[in-house]
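See structure below.
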Amino acid sequence: MNDPQPKAFLPGQFAEFSKTVSEADVYAYAGITGDFNPMHINREYAEQSRFKTRIAHGMLTAGLVSAIIGTKLPGPGTIYLKQDLTFKAPVRYNDTITARVEIEKQIVEKNRLVLKTTCTNQDGVLVLDGSALVIAP
Amino acid sequence: MNDPQPKAFLPGQFAEFSKTVSEADVYAYAGITGDFNPMHINREYAEQSRFKTRIAHGMLTAGLVSAIIGTKLPGPGTIYLKQDLTFKAPVRYNDTITARVEIEKQIVEKNRLVLKTTCTNQDGVLVLDGSALVIAP
Amino acid sequence: MNDPQPKAFLPGQFAEFSKTVSEADVYAYAGITGDFNPMHINREYAEQSRFKTRIAHGMLTAGLVSAIIGTKLPGPGTIYLKQDLTFKAPVRYNDTITARVEIEKQIVEKNRLVLKTTCTNQDGVLVLDGSALVIAP
Amino acid sequence: MNDPQPKAFLPGQFAEFSKTVSEADVYAYAGITGDFNPMHINREYAEQSRFKTRIAHGMLTAGLVSAIIGTKLPGPGTIYLKQDLTFKAPVRYNDTITARVEIEKQIVEKNRLVLKTTCTNQDGVLVLDGSALVIAP
């Protein structure tokens, strides 16, 4: 807040955040957003589905990416402009998800950053892919 | 589940969901995702910022879109492939957000739908714009 | 509230409160305090650690002591001045913790009480030890 | 985890974390710990009390200290041994609390750190004072 100079963000810099996604997370998230899709909160339904078990909301997983952007890299003061998300694989209850944000490009004259944003599970499977455009803090 | 025929989804069909976003929503969402960006949960910091007040997480607002997709249109059984989000304006505590999902195009041979996804506040301001690609249920 | 006489609190008096600490408790607590230490919410990390499993926040366990002080002994109206805590052993998910508060000493002229505060698990293992100083109600 | 050398922690190093404590925080915390002291969750009672309004649990505020210890300084891998807390002033709903952890002393031969732990509100009032003893990660 007290530095008028734009901070140097170099391509390749990255930050990560990991969390085991619990049933409590998914249920609380459903309660906030109203997303009561039975895939997330109906065990009987989910067991009959292609994934055979209840899964987390894709947008909940995306929230872990947003957490990194807002608190670590680029961090507080960042303005979120765009986020593209591709849902690659389901996140099951109790999967441990590692979100990762990496600087892809710095657009110095507009103080913008292009970020590569991904989430993988404990087996290294890519569950979420995407990119973000932000105004650096 | 018991209908082998793909349901007809016609361009122009839409569904909406509205919710007043409370402080409790934002705090619980921060707690699930770990997104303790001070813009969301630090009143003193937020009042000094460009928005002059604490705001909701953009990805929380996006969750309202996801709620429609998973529960109303196309509804349960939908597979979420992609979501592009453009954050247009802040969502302040106690704003009433109306999320809207509209069928833009049906790709019949692949059973896919392109959806226009938007969120507006109580004053009609567009706060979130975007589009989604899904496999119809 | 309607009794000008200080209530007699005798050394040896005690009260207890027991709760099975759930994953949902730990996750919600992390969400309130921002304490996303991976020991608490990352199963993969915790399984590699000395405790081999995710554990509850020590300060969450301490909250059970505070619950007794504020609601049972000495109860509503108590002013909490000091609390010393020694974390003796981990609290694992689904451990049933019994918090216990015992009057150790009454300092009548200052209307203060010294309390012995402990927590044990379902196997009788002392997980938290400590003492508190309060103004009696 | 992959560095056998103890990290150098120098006296004077510190880290901070700030949060506006909301009604939702206090209510969720009461629900986890069972601390339904009316000072925290009964407006009528609290308005008749010496503080004239509902206040947060002292132990909730202490959780912000624990969050720093477990995630920032010393950070993940730290073992919490002791925490002494002195409750100096009430935390009211919507107070913005800044927790601060500062290295006071490094006991190199035992790999322990003594930490000064404090919380202040938006007006600079010290609400929580104390010290911690930890095993460095």
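Before moving on, here are some points about what is shown:
Every chain is named by a letter (A, B, C and D) in the order it is written, and numbering of its residues begins at 1.
The rule we apply is simple: contacts are C-beta pairs under 8 Å (C-beta built on N, C-alpha and C of every residue); 3 or more make two chains touch, one makes a residue touch a chain.
Please read all numbers here as calculations on a predicted model, not as lab measurements.
Between the interfaces A-C and C-D, more contacting C-beta pairs are found at C-D. Farthest chain from chain C, judged by C-alpha centroids: B.
Note that among the pairs C-D, B-D or B-C, C-D reproduces the A-B interface, with over half of its contact pairs the same by residue number. With each centre defined as the average position of its C-alpha atoms, the distance from chain B to chain C rounds to 41 Å. Taking each chain's centre as the mean of its C-alpha atoms, chain A lies 35 Å from chain C. Here the spacing of chain C and chain D, counted between their Cα centres, is 15 Å.
Residues of chain D in contact with at least two other chains: 17, 19, 25, 28. In terms of which chains touch, the assembly is arranged in some other way, matching none of the line, ring, star or all-to-all patterns.
Annotation, chain-chain contacts: A-B, A-C, B-C, B-D, C-D (touch as defined at the top).
Chain contact summary for the complex, chain D toward chain C: residues 1, 17, 19, 25, 28-29, 31-40, 45, 48-49, 57-60, 62-67, 70-71, 76-78, 80-87. Residues 22-24, 27-28, 36, 38, 41-45, 54 of chain B are the ones touching chain D in the complex. The residues of chain B lying in touch with chain C in their complex are 27-28, 30-32, 34, 36. Within the complex formed with chain B, the residues of chain D that make contact are 17-20, 22-25, 28, 94, 96, 122.
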